[in-house]
Structures are given as structure tokens and as C-alpha cells.
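Chain IDs A, B, C and D follow the sequence of writing; residue 1 opens each chain.
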Amino acid sequence: MSEQQDLFTAVANMWKGFRVTFRQMRKPRVTTQYPKEFREKPQRFHGRHVLNRYDDGMEKCIGCELCAGVCPAKCIYVRGADNPIDDPVSPGERYGYVYEINMLRCIFCALCVEACPTEAITMTHLFEMSTTNRQDAIYTKDELLVQPDGTPNHMFDEDHLADFGELAAADGWMRATSPQGRADFSGVPGWTPSAGVGLRPAEQGQSGTEPEGEDA
Amino acid sequence: MSWSEESLQRADDILARYPEKRSAVMPLLYVAMREDGYLTDDGMRQVAELTGVTPAQVQSTASFYNMYKREPVGKYLVSMCTSISCFLMGADDVLHAIEDEAGIPAGEADDEIGVEHAECIGACGGAPACLVNYELIEGLTPDKAKELVAWLRSAKPDVINADEMQALFGGKTSFDWGIREERGAVGPFPAFGPFGTADVNTDALEPGRST
Amino acid sequence: MVTITIDGTEVQVPAGELLIKAAEDSGTYIPRFCWHRRMNPVGMCRMCLVEVEGPRGIMLTPSCTMPVNDGMVVHTKSPTVEKAQEGVLEFLLLNHPLDCPVCDKGGECPLQDQTLSHGPGESRMVEEKRHYEKPIPISDLVLLDRERCILCARCVRFSEEISGDPLIEFMDRGNAAEVNTFPDEPFASYFSGNTVQICPVGALTASAYRFRARPWDLREVASVNPLTTTGDGVTVQASQNEVLRFLGVDNDATNHGWLDDRSRFGFEWIASPDRLATPLAKSGDGHTEVSWGEALGAAAENLSAVIEAHGPGAVAAIGGARGTNEDAYALASFMRSSVGSPNLDARLDDGLGTHLLSSLAGKGEIGDLETARTVLVWAADLKEEHPVLYLRVRRAAQELGATLITVHPTATGLADRATHTVTYRPGEGHDLLDRLRAGSGDLADVRAALDEGPVVAIVGRTGLAEDPALAEAVTAFARDLPQASVLPVVRRANTYGAIDMGVAPDLLPGRVAAGGDAGHTGWEKADTSVGLDTRGILEAAADGRVKALLLVGADPLRDVPDADLAARALDAVDVVISIDCFLTDSTAKADIVLPALGFTEKEGTVTNLEGRVMKVNRIVSGPGQARADWSIIDDLAARMGRPLGFESAEAISLAIAEHAPAYGGITWFLLDWKERDGVVAPRDGVEQPLQYIPTTSLRAVGSGGAKRGGFALHLGRLLYDDAVLTRQGASIADLAPGAYAVLNPTDADRIGANGHVEVDGHRLPLRRDASLAEGTVAVPFNQPDGPPLGGSSHVDVAPGAGA
Amino acid sequence: MIVEALTRRMNAHPTDSHTMERYLETGGYEAARGAITKTRDELVETVKESGVIGRGGAGFPAGLKWSFLAPARPAYLVVNGDESEPGTFKDRQLLERDPHAMVEGIIIAAVANEVHHAFVYIRGEYPKPARRVQQAVADAYAKGFLGKGIFGGDYDLDVTVHLGAGAYICGEETALLNSLEGRRGEPRLKPPYFPAAKGLYMAPTIVNNVETISNLPYIFGEGVDWYKGLGHEVDTGTFLMSISGHVNKPGNYEVVHGITWRELIYGVAGGIRDGKELKAWVPGGASAPWFVPEEHLDLPITKDETGKQGSMLGSGAVIVMDEDTDMVAAAERLVRFFAEESCGQCTPCREGTTWLDLILQRVLHGGGREQDIDLLMDVSDNISVGLGWPPKQTTICPLGPSAVSATLSLVKHFRHEVEEHIGRGTPVTISGVSS
């Protein structure tokens, strides 16, 4: 093998190694002036959780602990309780009495969202969750539960950071995931807590069409 | 909670007919219905006491059978058969006629009359047929059925007699009857020896009983 | 044994066994809902269909009703079977609500599991499901959700076949059928919790566990029911360091999977906010919290001072039955070695002789009931005091056809199954025994039945006012019956273990008689003489002979029948040191209170009424600074300068295996890994030093109490009473019926009583029971606001004022 | 082809055939008087020889049934008068018009089986027949035919008349025994509760149909040869057949087996009313698969031939439907009967029959879907595994598996009608089908 060949090989290898670098050099710079500017996040971005409500203000969470059971990081703690008959918190017999997520442990896998039988827990685009102590990283039910108008709580340290306008487009995907996980079944309630209660139409289907009732 | 002397006497007679006390539950339930007009909780408790089982067991048995009515069914219970043979011969129209005339949907009752649809009552040859207090009328038509209900409301017979009703409102029968009978039912339960009609003297029956 | 072929594999199974059981025992699980191995088959759910090759070709047959025949060829996974299973599940799910997320059974539900493994993918039903009112409480402890019921009849059969309280039944017919109770007649069975456990869906749920946890966040550990002496196997389940549920374990030797409701729901005392969490020292009328060092130092100082001033015999200990055998061994070592006093007793003047209880020659086992032809029960009402033993006796009489004879002052819970119900007036038991022995008069039939062996005799005191010598005499009589097997019974849990460990005035650990010349190995420096029993201790304390009293999980003011004597004793002694979980009436009088760990908070062994040693395990940590009894006692001994040197409970268990002869070879390892159902001491090849043979000549040696009035007193216990562990369980605390007096209707009419009577001046509601002998009054012991009648055998009864 | 054996007395004496006087006058109780002098073996042998088969529906030889009775005593005899199958009303006629024949039959059966206590279980909707039977029993006691030392001998026999309370399932013999014990009328598991071994009060028990028992006085009175001479070579004796529906002359007819369906429907029953065409008929009670004219009209009526054609004679109830009948409505009515009368023990029967009814109702009311026919067939298959006839019994009693007959017949013979209903897609009224 000659020296020339060696040199050629070396240059070629160098070119190979710098190929990515050179390619990037030709592209425009994309530095975003975060937090002054926000970048649009992908639709299926996994941000922090919220606990949703029905239109009438009832909580969707029934305290079933399926999210806690499925959580690979064991960061969710739920306790159910008997729904007060005169002032029910959620439809049916049971509601989530305690609901806590330790955001330090959460790996944002969204298995809790998949497991939820009532679409009570969904994920948002909110990701700014810095806290100054560990205790504050445990989000309680009060903090997770959406406001009566359906928007997430303004956490004290999110307020000046989060882009709330973005949320409307964000969690729709998860909310539309029907209980059975199949678009065909959107609109078919996955469970009926008791006669008449909770038998309300589910959210608009994944396919974007209106629920069609029993035709399945 | 306590029954009349007469009913307790009937209960004793009934208990004597069976080798085991629990067997008397069914006839005693009829006595309880006769006592109160329908099967009350107290009636079931009394039957439980007499037969030595728990009230839950008595209710379990009672609720299995259609003829123990745990709600008031009026003085006259009209049971219209809507099973296949009667259905083929137009029983549904007759039932609607009864409901219209009585002003009560099937399955409900007022103080006087209760209306229900019944499964086959064994009168298929004389279909459509119905029972009033379990006394049979065969060969009904919607019009005749209306007359029947009107008659029950106006005449208020103390004893429901099958022959009388058949003559007034009935038509074709399953087989020739010929044999007339004076006895009849006094309430919405079958008129049978130990617990039914007032005019059957049970003492005269079975004089030589060994049990 | 016969050979059958299941799915192509030949297996050997017992002849005549039901196919479903034979298959399961040989490794093939056939899905089922209605079949339960402790109950008769009904063949209702049709889930267990299998194909059986027979002379008429292959038949689809329910395996729960099909006994095995030699050469039977069975297919449990053929396409036909799978189609049938799928069909059945689809039918079951037609009307089953899909509220699994809120259902307490969700996650451990056979219907869920089998739907996943055998069911159809989706429903084809578009019609509306059947709806009923959501859970209706059918008793204080059980809720019924009829929508979820799949009509397997397990609860109905349990109440009819096993517990004998047919209060829950099928109602209506066909598609409208449901289980329910009679209106206003709650499912008030002592055993209702079992129906919750065996319900294959969430139709029956327990109010104590309702929405408390989901199965996947429970941890569990095997243990033994701490509230009875039958040694019922339980699984203790806990979440977040809190015990949430007891489940019965099918222990073939003892409970067959059943538990009574007091045991099942009584665990709530463990997490009671009233639990003692720090040591307390008396200060004025109350107590102040102190450190362990201060408390133990003060206790050691007080005890040492008493020993110095009055000698070791002035120290006495009562209790020890509530802990483990290891705790009891530590207590016995402490009293006899460190203190040097033989005055200790685990009984609370409510039981039988220690020799009879622990060392009876030829003592039987509960399992003997399975083969008994005659069962004699001359003891307290088993349903009230030994609920699981009651179920076993009931099974012997009802399912196995044994002749059952009950002897008791009244008809007992077994009356409906008893062939002979013998009642007698309290105090006349010895005469009755003489007549029974002779078989005279109307007892000829009973005597004849007793001559049909094998006989199992369950013997105990029928009530707390009865002469304890009667049980000795009955035992002596019963031992001579053909192929007899005698079980002496007392109620308080682990009394047997504590006595076996030497917490008794006349026994040393391992069933060695005290006072003998043979020194107990390892105990050479101990006082091995015979000391005072509980009554003797209390009397001595009241007289000033005993100056220091150590109460170990004992509340003499409530538990000793003669409450007056206990009160005088506690007032008279100089020093009271209490090791307890709660501040009870007696503990409140203690100078030093040391908080103890309870069951589920410590490891150890316990001994049941047969002498079966079983392992209990720890699952929660216990409140605050509470410590195990043995550790407290060990520390106390060290501070008194007489150390015992116990390092752990397991170390004590090894000491027991070494120094307690009858417990030779019984180690934790053995119980944890080899003998999960426990092992009866002594093991084969191990000698039991004391073989007690009772004699009938004992007569009127002791007395149940003083004769103070004209009515003989029957002082029986009820399942639910005012004992501290019952009182502290939220679910069962209110179930104690309260005190009342029972009279024969003739007596009631004679004295003109109506509504209420006055018993020794205490006004009590009157109940009438024709099975009670004339001239007798029955009052339940230790009920809330109950009268202190324990010191008497006869009382005065007068009509109560007002209606 | 109408014959008079069982019915001759009632036909000859239309107003008083039920009285003791008339019964004695026409030779009554002579057979029983003779029977009590014979041994058990002789009596059972005679019944076996006569070839009389049970008239309750299953068609099991009565003599064979008797010979299976376990030797333990006491034993009981139960007469099954819980006639509730739609289309059946033959027992009502026997009970009402000739109760003494049954009482005499009871005496013979009791003596033959060493029974001292017999029960007559009559359905609750039959108070009048029950009164007649009670009167007959009382008269028999008065004459010394029942009670202590019957016919002056030393044989004791008691008879208790028991009234049901409205449950078709009590016609199943073990359900009837449960009912007689004061329990829910739920069929028992077989094995182990075969009545002949563990029946009433767990004692050996004979359960026979009213008609079977009523045959006995004739067999013993007129002789086995006379009896066998009456009937068809295999199905001996005469049979009461109940014909109802769209025929000109509905009613009970005593016939011998072997005549054809055409003879029965067009001859005996007078043909279809208003000259309409025959569309289908149910040959043997509600649980029997339907027959249609083009295939079955000229077949002989025998147990074997009907069985070969995939149906059964059962209790002998023939329900005739003419050309105007809405077959979906008819099938729904039959299915509804089983859904309402299911005892609720076995899952497939309890849930399945109700579901079938709901589906059929939906189809009738215009909510049918294309897949519903397949669904009906598959649900039926899940209730009656394999859909064969006789059905493979995978449930405790045959009620569930036989409840699907109507659905199967509907889909087999009248699939186009179901499709029409589905295709219509709008609600239709289900009343007025007879117009």
C-alpha cells in the first residue's frame, strides 16, 4: 500500500467523519429564545398530567388505581372512597379520594393514560415543572385536576413559562383514544357504573367522525 | 302477624298431610295469600315459623312461582294467556281489549282488578282463553273480554264461578264440559280444598286418613 | 386409585373423585365458577364443561358433577370445549356490568381472569343490560350488588351447607333470579365474610374493605388467626403499612378456608388510633410519655425493690396468651429465672387445668372429626366460642353423618344438627355425668350412641360460673369411650402456646410438670416449684402477699370473671407493670405501661387447641416505638441485672426447640418450608414428659363461684363481646348485642317478669328460652355495660321494674 | 281413527263421569281390587309386558322405570299433573272428567311398588281439576279404597293432592320433587339424584304422568292383550293428542299411533280453518322442532318415525299454523315461554333463552340486522351444543337445549321470513297475526 493511497484514505475517512458536520453547516440556525419564545411541540408530546372533568363538572377519575398499577415507575398513589350520595364527586359508586403523582419519578411513558378506563388522566404539553424542593414535585389531586372550564391549573412556577394557548390542540389525541383502543368503538361507553349514570357520549372519535351509537 | 283461627286450623290440616313440614310451604303460602289478599312479608314469616325454615327460604320458594303475588293484585286477577296457541288465535288483541277496558296495563292492578299476561294455561283447544282468579274462560273475543271486565267491575261477584263466566262470555271450549260446578274462587288464588273456596268443607274430606 | 387420561396424559386419581378436582390435583385446571372444593357441586355455571369419551361417543359434560371412572378419557382443551366455554362466558357477561374499575374484586376476579383466558373478544349483545339498585347492605359487614351476581350459588350453599344460617337465598326465577335476603332480616351470620371471599365476582363485598385498596397494591403474608384457638390459616394483606384484609387459607388440618367474621374483620384494632406507641409512666391520675430507657429503668428498679423487700414470690405475672410462643417463653424465663417467682399464669381464671389443656394423654386432633361416628360436645357453645370448630363439627354431623350429642345448659348453635341435645341445670353436671355413664332413663339412647366409635369428645367449661372440675370428670369419662379422641377447649387465643411455654404455675416449658425433682434442662437456676394461679395471685395481691404485678396483654378487670377480686388486687399491689397494645381498664392503673407489638407486627409461633404449632408472620411495622414482648422482657431482665440474653425471636425459638421437650425439633425453618399447615407437638419420635390422665374422683375441687342466690347462673360467652380487641375493631365493635338475661318461660311467668329482670340488682332485658332448665338464669359474659356477675354461681333474679 | 278407551266413560257420561257412583257402575276399582292380591313382581311384569310408555313427554317405558326403583323404603309415588307445555291440555281432561281412573291407577302403582304414600302434583292453574281429584280421593277414602287397610286388606295407602303455583319447570320430575318438598322447583343434578334412588325426601320415588297412571286400570281391567291390541305395534295403547291452533276442530283426541299427520290434521281435526293452507305445525309440544307439510304431512305418527325426522311426539300436543301466520312472531312467542319459565340455574338456559327472545323481539320490531340470523344460530348453538336432535344435554335439565327448537325451525324452514323482517327495517306490529 503506497503513501498516496494512505493519504487518500485518510482524507476520505475525514470527509466521512465530518459529513454530518458539514451538512449541518449549510442549514439555517434554529436557536429559539426560550423562554421568551416557545417552540411548537409535536402533537403527541408527553407533558405533565391533568385529571379531567365531565362537562357538568364531575370528576372523571373513579379512583380505580389502574394507573397506579400500570405505572412502571410506581410514581402514582391513588386511594378511592365511597362517593357521597347527596353530593357525588364522580359518576358511580367510587371516586378518587387521594391522587398524587411524584413527577421526579415519572418517566412520562403515558401508560397511565392508556390504562385509564374513563379518560380521566391525560397528558398535556406542559413540561416546565421545576421546583425548589422535593415535596413540591409530588403533584396532588388539587393541582392535577383541571379547572371547571377544562383548562389545567396554573401552577405557580409554570405561569410565566407555559403556553396555554397550545393546549387546545394538544391533548385531543389522548382524550380521543377510546376505551377499547379501537376507533370503531369510539362513542361506545366502555363501562356503565350504574343505571343511567355515566352513560354520556364519549368524546369525538379518533377517526374524527361523530359517534354512531350501537353500530359496531 | 298472627293469622285467624280458621287459617291456623287450615295450616294444621295442611301440615298433617306431609311427612316433612317443609313440604307444606307451598299450600301454606296460599293460606297466607287468602289471609291478606296477597303474599305479605308477615305472611311469609308466619309460614316460616310454621314450617321451621327461615323467612329467606320461604321467600326464595315463593318468588320462584308465578302464582304467589307479592304485590296486591286486586280482588279479581285476570290472567290472559298469550302463549303460542292462544297467540295464534288472537290473544294479544284480547289482552289489549282487557287492558283498555280495565284501564290498567298488563302486570299492574288497581284495588279491584289486576291484569297480567300468562304463559300457557292449558286451554289451547279453546284458545284464546283467560283465567279470572284461576277460574277458566275459553273462546274469548276482544268484545267479550271487554264485557267480562265491565261485568267484574259492575257485578262485583263474591265468588268467581267458571261455568257462569263461560256461559256469559266464553265461546268454544277445549272439550265438552257438561259437568257443572257450583264452587268457585273467592280471591286471586286458586280455589282448592284446604285453602281456596269457602264452601269446601275440608273435614268431610279424607275421613280415614292415617297420617 | 384409578387411571384416567386428561388431554393425552395418563394420571392416577382417587376413585370416585369428581373430575374437576381430580384434574386440578393432577395439574389440569378446569375453569369454574360455582364449584368449590369444600361444597357439594350444583353444576349451575356450566363453565367446567369438558369432553369425555364414553360408550355413547364423546359427550360434553360438566366436570364438577362427573365422578372419575377407570379408563376415562377427558379432553379439556378441544375446540368444542373452547367454544362452549366461550359461549358460557358470553352468557355470563351479557348482564354483568363492566364496572370492574370500581369493583373491589377487580384484579382478583375469577370472572375477569377466565374472560381473559377463555372468553370471547367482544360482546355481541346490543340490548340493554339488566339493572338493579347498586350495592345494598345485607348486613353490617356485607354489601350485595345484584347486577354483578352470576348466580353460582356459592353464598347460598355456604349458608345452607356449611354455616347453617340459610339467610341468603335465591329469589325470583329465570333471568330475574338474584340472591337476596328477606326484607328486614339481615344476613346476620357469624360467617358471612366467607361468602365475600368465595364469591367469584364482586357481588358480595365487605364493608370493611370497600374501596380501601386494589389487589395489585396489596402485599401479603401467611399467618394464623390471632383471635381463636383453632389455629385458622389466614393470609394477611396490607398496603401502605396498614393491614387491610384477612383472607381464610384452606388449611386442611384446621379451618378448611373458613373464618368467622370476628376474626376476619377484627383486624382493624391493629391500626387503631388508640394503640400505645410510646412507654408511659404514671403521673398523678394519668400517664406521661417517657422514653424506653426511663420506663424500663423505673420498672426494673421497682421490681428489684420488691424482690429485695419481700422476696421473689411477691412478684407475679398474669397474661402472656396474646403473644407468640417466643414471647411466652421469654416471660416464663423471666419470671422463673430472672425474678425467681413461680407465680405466673396465662389463664385468666376462665379456663381449665393446665395439665388437662396441654398434656392430656391421648389428646385428639380436629381432623379426627372427619372419621368420627359419634361426636360429643360438652363445652361452651362452639358457635360462640370456637366458630371454626363449630363448622367442623357441623360438617361431621351434616355431611359425614356422625351422631352429634351436645351437652350444655341450653340448646346451642348446633341444636339443628344434633341427634341428641342434652340440657342440664348448671351445678348439676356431675349428676348428669353419673346418669350418662350409667345410661339410665332418657339417656339410654345417648349412652348407646357414645358406644359407637370412633368418638370425638370436645370438652370445656360450658360457662364461666361452672365448676372447672366437671370438665376434668367429663374428660376422664370420654377417654374411656371407644376409639376416643378428646379435645379440651378454651377460648382465648394462644392460651395453649403460653401454657406449653411454661406461663403456668404448675408447668415448665415443653409440658414438664413443675415441682418435680427432674430439673429442666437449661433452667437449673430457675425456681421450678408450683406457684399461684391467676385466682391465687389476685387473692394474694388483695391480701398483700403479692406486691408487684406484671400484666402481659391482660386486662383482669374485664377478663377475670370475678371483677371485684381483680379490682381489689390491683388497688392493693404496690407496683403494676403492664405490657400491652392498648390502655385498658387494668393498664390504666399501671405504674409503667410498655407498648407492645401485636399480631402481624412480629414473627413467631403459636399453638392451637390440638397442640399444633404454626408460624405467624410480620407484615406491618407497628405503631411508634412499640416493641415485641420478648424484647421488652429481655431488656427488663438485663436492667435488673439478671440478663436472659435473648437476641431475636428466632434465637428464642431455637432455645424452645432445645429446652422445651415436647417442642423438640419444631423450628421456624420446618414451619416455613416443610410443614406449612403446622405440626402437632410433640413430633413423631419426640417424647412428651407429662402424660396427664384425669380422674373422675375430682369433685367440687374448685368452684365457679360463690352461691349467693336462688337461681343457678350460666355465664356463657358470645362471639362479639366487649373484649379490647373487639372493641377496637371499627367494623365489629357495634355487633356485641349487650347484656341480657335468659330465663325459662315458666320461670319468667312464675316470678312475673316481663320485658326486664333484675339479676343481683342489675336491670337486664329479658329473653325467654325453653331449652334453659328451670331455676337457671343465663347472662352473657363481658358485654358492653354488662353486670359483674363473675364471682357467683347462683344469683337472685327479680322482675324488673317497668315493661 | 278416533278410538275410545280412556275416553269412553267420559264420552258416554258427559255430565257425571267424575263421580264415584258412575265410576263404580262402569266397573271401577275392580282392577285395583285385583291388583292388591298380586305380588310386586307380577304387577311390574304385567306393566312391562303391556309396553305402556310414559305419557309425560320423554316416552320412557313405564314398567322399566318401575323396575329401577331402589329397594330402600319408605318409597313414594308421585303423579305428575303439572301439565304446562304450550299446546298440551290432555291431563286437564283426565283430571277433570275421570279422576277416579287416576286414583285407581295410583292404588295399582302404589301396591306394585310397595309405596304407602302417594302425591298428586297438579299445576296451580288447574284448581278445578284439582278439586275434582280431591273429591275423588275423599270419596275413595270414604269407601275404604284409600287410607288404612285398603279394600279391607292390610295395605295402607295415603294420597295427598298438592297444588303447584305456576312454574312449567316443575313438570321436570326432579324439579317437581323439589317443589313438593317446599323448595324452589329447580331440577336436581342427575347423577346423583335419580328419583328411583334418591327422590322425594331422598327416598326412592316413582314419578309417573297422569295419563300413564290413568292407563293402568285399563291394562289390569281389560288385560294386557286387549291393551296391546289397541295400538300400534310398538307404541301400544291409545294416546291423547291435543290439537290446537288454526284447525277447524281443536281439542283432545284419543288416537292410536300409526295414522298419518294428514289424517290427524285434515281428518280428525277437521282441516285448516277458513280453507287456508297449512304452513307448519308443532308435532309434540313447544320444545319439538316444527314439521312442514311438503316434507312431513304423509308420515305416520309414531315415536320412532317422528324421532327419525328430527322431532318428537313429546306430550302429544299439536299446534297447527296456517299460511297467514308470521313465523317470526310465532317463534318469538315460543322462545318467550322458555325464557320466562327457565328456572335460572344453568347459565346457557337462563341467559341464552332471554337473549334469543330479545333478539327475536328486536327483529320483529324492525331493529333486525343482517348478522342477526347468524347470531341466532350461534346463540342457539351455545345453548344446545351441536344443534342436534335430540339435543345433547349439557345442562341440568332439557329445558334449555329444547328451547332453541323454535328458533332453529324458524331459520331452517322460514329463513326468508326472518330476512323479510330484517329487510323491512321499520317497526311492525306483532299483534293481529291471526287475521
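Everything below uses one rule, namely that a residue touches a chain if its C-beta (ideal position, glycine included) is under 8 Å from a C-beta of that chain, and two chains touch if they have at least 3 such contacts.
Keep in mind that this is a model prediction, so the values were computed, not measured.
The leading chain pair by number of C-beta pairs in contact is B-D. Nearest to the global CA centroid, when each chain is reduced to the mean of its CA atoms, is chain C. Subunit A and subunit C have Cα centroids lying 51 Å from one another. The geometric centre of subunit B is 23 Å away from that of subunit D, both derived from CA atoms.
For the pair subunit C and subunit D, the distance between C-alpha centroids works out to 55 Å.
Within subunit B, the positions touching two or more other chains are listed as 53, 60, 64-65.
Shared contact sites, meaning residues of subunit C that touch two or more other chains, fall at 126, 170, 172-173. Subunit A has no residue in contact with two or more other chains.
Contact between chains, using the touch rule, shows up for A-C, B-C, B-D, C-D. Chain contact summary for the complex, subunit C toward subunit B: residues 165-173, 180-185.
By the touch rule above, subunit A contacts subunit C in their complex via residues 62-66, 68-69, 79-82, 92-94, 117-118, 190-195, 214. Interface residues of subunit C facing subunit A in the complex, by the touch rule stated above, are 97-102, 106-107, 126, 129, 131, 134-135, 147, 210-214, 216-217. The residues of subunit B lying in touch with subunit D in their complex are 17-20, 22-27, 29-30, 51, 53, 60-61, 64-68, 79, 82-85, 87-90, 92-93, 96, 118-127, 131, 134-136, 162, 172, 174-176, 178-181, 183, 185, 190-193, 196, 200, 204-211.
Subunit D meets subunit B in the complex at residues 14-18, 74, 83-89, 91-93, 96-97, 117, 123-128, 130-131, 134-135, 137-138, 141-142, 144, 146-148, 156, 158, 160-168, 179-186, 201, 242-246, 250-252, 282, 286, 317, 319, 321, 325, 329-330, 333-334, 337, 340-341, 343, 430-435.
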